[in-house]
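The following pair of complexes shares a single chain, chain A, combined with chain B in the former and chain C in the latter.
So, the complex of A and B:
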């Protein structure tokens, strides 16, 4: 087994991710109960919005960023058989990010950053929230640099060799994150921090929302990438097969990288300050993102079919039953693909400029992103954790049975929570509300779906505790794990030499820059060129 | 109606294909990989003696008979897969079936682990690469959708990923026999017809030339 200097760094990152995840899950449970108005003592819009903001920050920014970094460091060292480029610098990035989280936590928990975990003015948070968020982003850039440099060093030492698929995907994600986080970083540094500190009196809301949209969609792919990487490189091997096509994985990663950043304006369909043409352009790009997802769906299912048939599965669907459902990462992958299928259809509706109008700002949207993110993405984080924990800690997984039960709980809980949300959205329930004290008849028709929502929340919270308990017990397990090697899937069809375009990123980065200029250049510049007027005071 | 008939015919054609037996039933999942890692070469050596493997494969895994395969230095994962395939009759060989049918997975893994520890055969003749062989080994033939041999078997023929065998130093007659068997459909335990497709596309002369190339040893400077 290759011993590397990423084990403790990877574990530290992942522990931070999962501890904050458990806190966020508790807040989620509170929110579903509060929202239905069944316990009068719990009613508090202030507390609700502080909770929603903290839940969103912890789940969307903390769980994800730390998990991505931890997985990235460990995957890079184990696949390249190479040390971290600069271990002290990597630790610096970790501590900086953690400092950012702790700094942002103070205003969040004291109700001074109840801005719904977004960066949309005119909602204004305490400066510590924005400074903390900026530190988290800057800390994550350290990780981006480490990943790029590690691949560079490896390529120099192995000229002509193919970068392992797991590393290729990880570097694609690092580049994606760096480029996409520039939008929100600019907004925070040049608009929100000066504004919240009182250095400037006003803020250009249109510019801020446009800059946030730059980040807002691709960030989802930053979260999603580890799930896809595991689906291509860990799951096929764990199932006993091969990755059906290594090249297809690379093409999917590149398409995600190129198409996910310049399409964020689909979050602004209902905003007035961008013209319809730009929104149409971004909508077209948004639909293009479905291509790498479909490629992934096909390749991963084909890989699983190969494994299922090698395990003796016969007939049209017999291979599905032959898969090792008792292996947590394989089960997580199957359940993730199922949720991706449901969520993907919903996503097509959100992406459509015209259909979006029906569901915009309704509970449908909350249902959609919970199904895709908390469903597909997070369940794969669980699967990866169950796979890597024994290798990183050197201890046998405390309970495989508990892990499998937890995954089923998470899957069922997520469906029970999110499918009714889709229905509520179509029935007209708005999102981002703390209670529904209006239109009795309409609100009464929502009750069955809201009861399901609470049931889903309870199941999910239970599952969250099961995960953390299992990981904690594994860490303290006395029984040593015998197989510490991370087994990455080999390709069904080997290649002598990978085409340079599928083994490097230079060309693709240039392409993204050109695409970004084309899709965001004028929409941003217009705010600096057009004549604007201040609000008219009441006294005139 | 015509559409219905087309759909029916399509389904009728697809169902037997989907029901077809897989060409091999060895899944290198985590328990199998664990089994191979924990295999005991010493037990494998004892079992090889008891099973009289040397009769065909030589005392040190290098056969005197050019029709038989040299198994010294063969990767444990590849050897294990072949033994499992013989046992499951996925690879047709009566002698090997008899030898393996009563062995359990752990014994097969021990045997594979033992032969993996032995030094591969080093024939005296040095390898020469004709233009024809060079093309096939290094570049393949895109016009025939034929990928390079080195893509799977490594640039020096020492084997590729866990289920791709080393070819260097193998008996030439054996290599010709196997490629011909893949070509004729007599050997079918290559998953997704990877080797069957290659062999079907190769001509008799090319098979001969490639077998000669891989049977010879690598010159020291290579």
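So, the complex of A and C:
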């Protein structure tokens, strides 16, 4: 019998994630109020852009990375029934990442790194910001290695057996993150750090943006993966059923892995310095990456239907009512799927080579990624936390009712926030502004949507507090939890023999490397082949 | 013919859905791609470098060379500089339904360039010249907004575009 040595590791990672999440949620509330010019005393671009930068870093890099690591460690040990490959090394990665966050927090909070989480050279931040970001990424590579090694050890000990779906997805994510973070890592290590320290005088902004785009799309799949994994492996069981098809889950994970990295240039549609043909190539891949999501929608909804019918649901829609809506992770899944559907429609516009021009860098984009990331992904993080906290702490969930209310608040708040943002974007409002000193007619047309945005911000912040309060009270709960077993869903269709390609990654990694060279090789190489002019650092 | 997806998927219903997904994704990409290609609608993708710190010394982007120029074929070229915190020259006037090519360079950091309610949009990246071609079918007052964070004064970076009726002879 193995001894699970990932409990405190998983919990430590996830606590870091949620504590910083709460801080970032507070900043978000401040931002929606500041952004609309209603309280003159609150006006401060210095504070606003420091806040936006911190909010982005905390939500996009810290909440996600730590949550993914914590979930990965815990899922790996509980599904493989095997200890962490190297526990001291895993803790080293955790502390290194945390050190990076704290190092970056100092310039962020003092307004010396107000360059937004996308860095935006030639705006220059304090070197500590870039070094902190690099440490966070390097720390997360420790996690990637652990996941890959744990799967190898398990396969060696269980020859011919099928790696559990939850682990297969987690390792897919580890590989995805390692490959995709190489883009931003090279931008930070070879361009931004030496440039901010004065070792090199100029950076080529075109190259920097191309490298960042390498990371920028697949990073959202790194965030999304735990949500999808839970939809396939935890939710069907919690709903009282089976996962419709284990094998299709693997196909979806592989498609996400292969198609999400070499398509990042759709973030550069509006940029000069990359020719249209490359953008066209990346667009075709971008449409292909919707296939695993469509597949996931089918499998997860089919799994829920199976569960609903097993629970006595009848008729075409009766099974929906029969689902356990009072189970937090099931409710989170239903709400996540709804937000994913709304957000997916918007994504088609952004992905389109021609239509994107209308919405590029407008508030539409902010609306889109809040719906998909802060909506779909983060609500699943909540659902997973409500499910795992009792298992990890050994204490009963403090209040299921509070958890359910919190999920509804988050869902409603997110719609109230993001639907008006889409409308603001179509009406031309730029994202990343701290005030609206523009043409009067234009600005007046924005007011109703901005009022809704503030209401959304208030609801979301309330929900954020409810989450942290509930998790904290659970941790300190006197009542012990009786069921500590993490129950992963079994497949409805049992696969007699899993194809080797869906039980390993070697072939797929080679395929990604080839695809990456084809789609990013020349676009990066061109900067070294033509005469370019670098840019000196500019303060904000 | 044997369904090729049978190799990865045993369930009939799910395989049907997989086909629908593939056709949906492929079809959307194909449709949008063909639409863009057939109407020659491309995102601004000019690959041309320039030394942003020496714009004032160039033939094209020196201060007195900026603005609207008419080409022999009747189309217009508008040369502009984006710099913290404004677009120069600050007022641009063009006639309706006339092909306009904007050529924009940054004198300092990253900027955005967008005329709301139109598809005149591009990033302006130091070290590179942005080029975007469009025409404006409706006369009226428009704004150029900088839609990329460029520093603490970013919100204040906007200027005026006036699209005039051709018969008005260039006056408002």
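Here is the rule we use: the second predicted complex is superposed on the first by the 529 of 540 C-alpha atoms of A that agree within 3 Å, B and C clash if a C-alpha of one lies under 4 Å from a C-alpha of the other, contacts with A are read in each partner's own complex, and residues count from 1 in each chain.
Note that a contact is a pair of C-beta atoms (placed from the backbone, for glycine too) under 8 Å apart; a residue touches a chain by one contact, two chains touch by 3 or more.
It should be emphasised that the depicted structure is a prediction, and the values quoted were computed from it without experimental measurement.
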**Overlay on chain A: chain C relative to chain B, clash or fit** = fit
**Prompt:** Counting only touches as set out at the top, which of chain B and chain C does A:439 meet: first, second, both, neither?
**Reply:** second
**For chain A as apex, the angle formed with chain B and chain C - C-alpha centres, to the nearest 10 degrees** = 130
**Prompt:** In the superposed arrangement, does A:428 touch chain B (first), chain C (second), both or neither?
**Reply:** second
**Message:** With both structures fitted on chain A, tell me whether chain B or chain C touches more of chain A's residues.
**Reply:** C
**Message:** Once chain A of both complexes is superposed, is A:239 in touch with chain B (first), chain C (second), both, or neither?
**Reply:** first
**Prompt:** In the superposed arrangement, which partner chain does A:196 touch: chain B (first), chain C (second), both, or neither?
**Reply:** neither
**Request:** Look at A:482 in the shared chain and tell me whether it touches chain B only, chain C only, both, or neither; answer first, second, both or neither.
**Result:** first
**Request:** Check the residue A:314 against both partner chains and state whether it touches chain B (first), chain C (second), both, or neither.
**Result:** first
**Request:** Have a look at where A:215 lands relative to chain B and chain C in the superposition and call it first, second, both or neither.
**Result:** neither
**Asked** In the superposed arrangement, which partner chain does A:298 touch: chain B (first), chain C (second), both, or neither?
**Response** second
**Asked** Now for A:353: first (chain B), second (chain C), both, or neither, which partner does it touch?
**Response** second
**Item:** Superposition-derived minimum Cα distance between chain C and chain B (Å)
**Value:** 8
**Asked** In the superposed view, which residues of chain A touch chain B and also chain C?
**Response** 493, 495
**Fill in**
Per the touch rule above, chain A residues touching chain C in the complex are 45-46, 49, 114, 116, 120-123, 204-206, 209, 244-245, 247-248, 251, 269-276, 279-280, 283-284, 286-288, 290-291, 294-295, 298-299, 302, 348, 352-358, 360-362, 427-439, 442, 493, 495, 499, 502, 526, 530-536, 538, 540
**Item:** Complex contacts: residues of chain A adjacent to chain B
**Value:** 237-241, 306-307, 309-316, 324, 327, 482-483, 485, 487, 490-496
**Fill in**
Within the complex, chain A is touched by chain C residues 7-11, 13-14, 17-18, 20-22, 24-26, 28-29, 32-33, 35-36, 41-53, 108-110, 112, 114, 116-117, 119, 121-123, 125-131, 141, 143, 145-156, 158
**Prompt:** If you look only at chain B, which of its residues touch chain A in the complex?
**Reply:** 14-15, 18-19, 21-22, 24-30, 32-34, 37-38, 138-140, 147-148, 150-152, 155, 160-164, 191-192, 194
